[in-house]
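Input: a single structure, listed below in structure tokens.
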Amino acid sequence: MMVHMPHRKPIEYAAASAEVRAVYDDIMTVRHTDWVNNFWKVLAHDPAALRRVWNDIKQVMAPGALDPLTKELVYVAVSVANGCRYCIASHTAGARRHGMSEAQLSELLAVVAMANQTNALASGLDVEVDARFQQA
Amino acid sequence: MMVHMPHRKPIEYAAASAEVRAVYDDIMTVRHTDWVNNFWKVLAHDPAALRRVWNDIKQVMAPGALDPLTKELVYVAVSVANGCRYCIASHTAGARRHGMSEAQLSELLAVVAMANQTNALASGLDVEVDARFQQA
Amino acid sequence: MMVHMPHRKPIEYAAASAEVRAVYDDIMTVRHTDWVNNFWKVLAHDPAALRRVWNDIKQVMAPGALDPLTKELVYVAVSVANGCRYCIASHTAGARRHGMSEAQLSELLAVVAMANQTNALASGLDVEVDARFQQA
Amino acid sequence: MMVHMPHRKPIEYAAASAEVRAVYDDIMTVRHTDWVNNFWKVLAHDPAALRRVWNDIKQVMAPGALDPLTKELVYVAVSVANGCRYCIASHTAGARRHGMSEAQLSELLAVVAMANQTNALASGLDVEVDARFQQA
Amino acid sequence: MMVHMPHRKPIEYAAASAEVRAVYDDIMTVRHTDWVNNFWKVLAHDPAALRRVWNDIKQVMAPGALDPLTKELVYVAVSVANGCRYCIASHTAGARRHGMSEAQLSELLAVVAMANQTNALASGLDVEVDARFQQA
Amino acid sequence: MMVHMPHRKPIEYAAASAEVRAVYDDIMTVRHTDWVNNFWKVLAHDPAALRRVWNDIKQVMAPGALDPLTKELVYVAVSVANGCRYCIASHTAGARRHGMSEAQLSELLAVVAMANQTNALASGLDVEVDARFQQA
């Protein structure tokens, strides 16, 4: 099966409005790159969404209490749990850019898989939450 | 609504078989604690599963290419994505035990929430995976 | 936390319309019981949905190429994967009524948990579907 | 990666049984079209399922308290949340047929993405349901 | 089973910082109410997240190409698909505030349930996306 | 859209280490086949994970209180609920190898689809768990 889904064409820099280019420029500046990935180019059909989601990502993924690599690892983990292929591909690339080794990727997937396994057991067995886990 | 689900009673140490006690002992030794949480006590109705899942968890969560705190953060992230209340409670406690601060928890949830947000956009817009993300 | 969600009150037999009673009667006849569970009593606020969903369930869960116990086991498995507490509770009861033993429940949950684990690995590693799995 | 999954071949009208053709005819009549999409042609290997699911869809998607466009928008939203590519493609087409504009699609995806984001925060923080939300 | 999860206490208006109060004030102004629900009061432990998520919600849920009721219906639909109880409770209340009738709620849930049903069939049967659904 | 995801190349038997070959040999022995599917060959980049997951699968899928076909049916059901294409493809093949007929596959998917439907209704309506379902 070859799937050609109905999708919006990416808007390239040359064809973008000033409003969209401003976001593309900021993406490239913040990420120290000369390249914008498809997610943003497709989202650009809705410039308000483009700006809002990019501003969110910039704030949430900035260095803070968690280091950038840990944030990318979590992003990959959630994307795997949600089954989003684009997101797995792009954030696996992002995590590698922040230094993720192949051994770390293997361990990450092992943890995600174990979480999926024990989540199923805890839900299926309806395990009562322990008193010790209940204080704020 | 007060929900009293049909569930298996936790098997306490005093009532456990030698086979089950051996796993409980190993849990307490590995975790440097004198306490076993309900997940294992409920799983203990199936001693083979108890041993298998504990051995998996012990191997997967052991120090390795990823540090233990990062592993617990990933575990919480996947549990949130899966909506498993027991797992969120127990692994949030686990992450705190490994040093997670409240600021780190806030950031973690922000990353999970953003991943959920952009996962939906990438799936809904069917964004094509970029060539640059495609080489192993 | 005690959660009292906004919910529609179950419509008891005595208070039900003739249209709703007809479905309740059919449920009790098909299931050889004198009792209707809350799912149907809440769905009864929308009599057309009550009839449609019951007719579907009656057709899908009837004896056929798969035996009734296998069908209940599959129902439990999907409900666990979806994290639906009511559905886990009611179909675990249904599976027990069709003869599920505690050993079978343990094995069922182990299979569900393993499926969740390997699903995560296959998605995260983006394993290519083998040629041998590709012919119809 | 080119994926050729093991799948049942669509059953074309010319090759269909009278029972299956009756459903195809009804689909084309209700939808004012001369075309049946693959979902139904693949489901047709199980004529009872074909009839049951089509009757459900016909009843549920018929004009009622919600207008048809709203119903299609909801269908797309759930399909995005479930990550079902076929369903996203076919119901995005359906929503367009009922008049969805590109601006409405953009807003729809933004709402789905925000729901995914706040769902993750509400679950991860285990926010207690407010008393005001609790009366029926 | 009574579940008392480990959770952050809601921050009431009287105890809130000026930064948090400014967001609470904006929530009450935009929603024409004198009340802030728990989601925001718990999120307030992270003032930057509080402001960001509220700004997102305000922008995304504002009147636009889709009317406010449709947006709330979509929000409920996704929350049901995700199984998030708080979100179902709060956005069902929100939809009622925007005029959702009980008949509309019934139809909404019927559409969500049908989408979940056909999503499973389309995924399980791996239905090929029709050529007609593939042009942008 | 042709998706070429970033993925690890399968490690063929000829190129595998002794440690990996030992697992491949065991897979072929247990399954009475001369062939190893891609899942294991990709997982083989992490020999510890390869051994652990295979040992789990071998134990969980072995004959026991549930017969092997029932276990494969449950595996397919969960994989459909999770939307994992590789897993649907490989375990549908596995179920056929254990004797699943096309009629059984049709019924299986009908049960999964109904579970997905009623799960959504039970969650959306927040149906209270019946007292009769609450004793262990």
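To keep things simple, chains are lettered A, B, C, D, E and F as they appear, and every chain counts its residues starting from 1.
Here is the rule we go by: a residue touches a chain if its C-beta (ideal position, glycine included) is under 8 Å from a C-beta of that chain, and two chains touch if they have at least 3 such contacts.
Being a predicted model, the structure only gives us computed values, none of them experimental.
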item: Comparison of E-F and B-F by number of C-beta pairs in contact, larger one; value: E-F
item: Longest centre-to-centre distance from chain A, chain (CA-based); value: C
item: Repeat of the A-E interface, chosen from D-F, C-D or A-B (over half of contact pairs identical by residue number); value: C-D
item: Chain A and chain F: spacing of chain centres that average the CA atoms, whole Å; value: 26
item: Rounded Å distance, chain B centre to chain D centre (Cα mean); value: 33
item: Mean-CA-position distance for chain E and chain D (Å); value: 20
item: Touching two or more other chains - residue numbers and ranges from chain D; value: 1-8, 49, 52-53, 56, 60, 80-85, 88-89, 92-93, 103, 106, 108-110, 112-119, 121, 123, 125-126, 128-129, 133-134
item: Category of the chain touch graph - line, ring, star, complete, other; value: complete
item: Sites on chain E touched by chain A in the complex; value: 1, 3-9, 48, 52, 56, 59-60, 126, 128-129, 133-136
item: For the chain D and chain A complex, residues of the former touching the latter; value: 2-5, 7, 83, 85, 88-89, 92-93, 102-103, 106, 109-110, 113
item: In the complex, chain F residues that touch chain E; value: 76, 80-81, 83, 85, 88-89, 108-109, 112-121, 123-126
item: Touching residues on chain B, where the partner in the complex is chain C; value: 1-3, 5-6, 45-46, 49, 52-53, 82-84
item: Of all residues in chain D, those that touch chain E in their complex; value: 5-8, 10, 35, 37-39, 42-43, 49, 53, 56-57, 60-61, 64-66, 70-71, 73-75, 77-82, 84-87, 89-93, 101, 103-104, 106-108, 110-112, 114-119, 121-123, 125-130, 132-134
